[in-house]
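The structure under discussion is supplied below as structure tokens; questions concerning it will follow.
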């Protein structure tokens, strides 16, 4: 079965990211397809490579990046939500005249249409948030 | 009177940043001193210069930076909270082996002791959060 | 399943205190371009989003409430408000913005988009959906 | 005002669902070095922070509950838990971790840090504080 | 010592107001702001609790947050006073400390 | 069409569980996870509401979230079933859609 996942909260602050990670892993283990993970609201903060979490805790950003690479999962950060919160890739850096970017490997920034498309294309959309 | 301010939530996501900004402005107008604004939890996200908010809305990060410059206010971002959330200055960039930083003008990263010190030194500590 | 899915956006949070209400509306506006069968539900503190007379001037932040009135132009005209949530908050339909749309199947007559429904009716409406987005 | 202030940390949120409980504890640990008069209050869902037997292995995240047991070593030993909040959640003192400290004024006798107090008693304790940090 | 309690949560969404009113000392002040202003409205499911509390504490509500939410002052429970941000600052000065019920 | 409702909020902190149970259709499934697992406990202020709802919907609770919070399975209301993440995924498959009560 084809799943779309929406993540609305930032890592560590709220359990939503970890729940989504565990759900995605379990769905993959059961042979399902993850069509896309869409990061909205503070969920966009899952996509910064500048975090340095405590060594005795999970590295959430890295877990997403590794999962994306291993299973070729589409991790999409909403551009409007990202602009408000300072998540920037090279394209956004140039477009908005910023002097740095912070997007993590495996994530891409795109529009809200990607969420609607996930809703249309997937058999199930599962939302994790606050 | 001497005020310490604690901000626990990120800009836009929660009204706390705007409430704190409006409170600080009103306190300054009334002739009070702002000893320090301490950003904790998701409040550290007030301190990234990489935001590009919509042009028809308040620019919260810039409002803090301007206020800090005009009134010489100490804006302190908690280092532990910042590491979890990817807010990085030059020192943190070097220490944690990051390839970029995103701290906004007028903010500095320091320890939780700065919050306790504000509690000890100030006549009033006012907390804005969720 | 047909090509058109029934999309339901559930709004349960008050405006301004947090950004969920505004960012949910941004999804609805983008989603309108995809020509799906769209409904909005307002319950719990979400009903406060529709209260008329919002004025954010003194806070210095954007007032996004006029956007609700534009929903009709985007063919988003099924807006369900739970009666029980209104009542617990001391509100009636008169306290809400008068959201309208022009019905192309009825000679472009202007009609009300908001329908106040009971919890039991809302439960039935929810059952009929294909995709539920929650804010 | 004396050099020592009465600091109260108010904990009202459940652990793990959000980070407030854990980051509040980090403030308490740092604050302990400042030799102020420290108390902690647990009310509403904050009482869940003290429930014994927490095991986060299957979630794959850090279990920070052992840190509460270390508070006594930091001279943080006034831990007030509101009775009404416990009762609404079906909890008793037996469900909580047995937090202890050694009383240096009483020949290092081991004593309980947790004191279950009524809302009326909690109100009085709050009145006596100089600085309140809320999480 | 007198305390200013601040409540920024909707009383329909969180227990903050209820807990604040249960634990506020006699004669204390309570300021409702952000989504907390909904607690100042007449005719709601919590209005009776708030009216009763007015016998124990003074209750204030932040005008700019009321206006943002379209809540007219004619909709407020009698005895609740509207203040602006300057009034908020004054309340923190008049009381000995601030307790935020987040 | 059958719906899986997910509730990730403590019933003592938010109205999510109450609203979910008010609006869930007969025969629907409800999964309690994250802070929502507190709604599955016996002897609480909301336990009677949850017990009553068991006549209308099936209620599940996520084991890993229970363990994290130190809530033993012996503390659960009779009739609530414990699932792991695989069970969570299965529930989303068995039902036609998922409605998250955030």
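In this document, chain identifiers A, B, C, D, E and F correspond to the written order of the chains, with residue numbering beginning at 1 in each.
Keep in mind that, in the parts below, a contact is a pair of C-beta atoms (placed from the backbone, for glycine too) under 8 Å apart; a residue touches a chain by one contact, two chains touch by 3 or more.
All of these numbers come straight from a predicted model, not from anything done at the bench.
Chemist: Which other chains touch chain B while also touching chain F?
Modeler: The shared contacts of chain B and chain F, listed by label, come to A, C, D, E.
Chemist: Using the touch definition up top, find the fewest steps from chain A to chain E.
Modeler: Graph distance in the chain contact network comes out at 2.
Chemist: Starting from the Cα centroid of chain F, hunt down the chain whose centroid lies farthest away.
Modeler: Comparing chain centres, B lies farthest from chain F.
Chemist: Between B-C and A-F, name the chain pair that shares the greater number of C-beta pairs in contact.
Modeler: Between the two chain pairs, A-F has more contacting C-beta pairs.
Chemist: With centres defined by CA atoms only, which chain is the most remote from chain E?
Modeler: A
Chemist: Between chain A and chain D, what's the gap in Å when you average each chain's C-alpha atoms?
Modeler: 35
Chemist: Compute the distance, rounded to whole Å, between the mean C-alpha positions of chain E and chain F.
Modeler: Computed from C-alpha means, the inter-chain centre distance equals 33 Å.
Chemist: With chain centres taken as the means of their Cα atoms, state the distance from chain D to chain E in Å.
Modeler: Centres of chain D and chain E (C-alpha means) sit 27 Å apart.
Chemist: Using the touch definition from the top, which residues of chain F touch two or more other chains?
Modeler: 8, 12-13, 15, 34-35, 64, 84, 97-98, 100, 102 - these are the residues of chain F that touch more than one other chain.
Chemist: At least two partner chains per residue is the criterion; list those residues in chain B.
Modeler: Residues 8, 12-13, 15, 22, 41, 54, 80, 84, 125, 127, 129-130.
Chemist: Hey, what residues on chain C touch two or more of the other chains?
Modeler: Residues 16-19, 44, 59, 61, 131-132, 134-135 of chain C each touch two or more of the other chains.
Chemist: I'd like to see which chains touch which, written out pair by pair.
Modeler: So the chains that touch one another pair up as A-B, A-C, A-D, A-F, B-C, B-D, B-E, C-E, C-F, D-E, D-F, E-F.
Chemist: Would you mind writing out the residues of chain C in touch with chain F in their complex?
Modeler: So the residues of chain C in touch with chain F come to 10, 12, 43-44, 82, 84, 119, 122-124, 126-132, 134-135.
Chemist: Any idea which chain A residues touch chain B in the complex?
Modeler: Within the complex, chain A touches chain B at residues 10-13, 41-42, 45, 48-54, 61, 80, 83-88, 92, 96, 98, 100-102.
Chemist: Please give the residue numbers of chain D that touch chain A in the complex, ascending.
Modeler: The contact residues of chain D facing chain A are 16-19, 59-62.
Chemist: How about chain F: which of its residues touch chain A in the complex?
Modeler: 6, 8, 33-35, 64, 84-86, 88-90, 92-93, 97-98, 100, 102
Chemist: In the complex formed with chain C, which residues of chain F make contact?
Modeler: 1, 3, 15-16, 19, 22-25, 96-102
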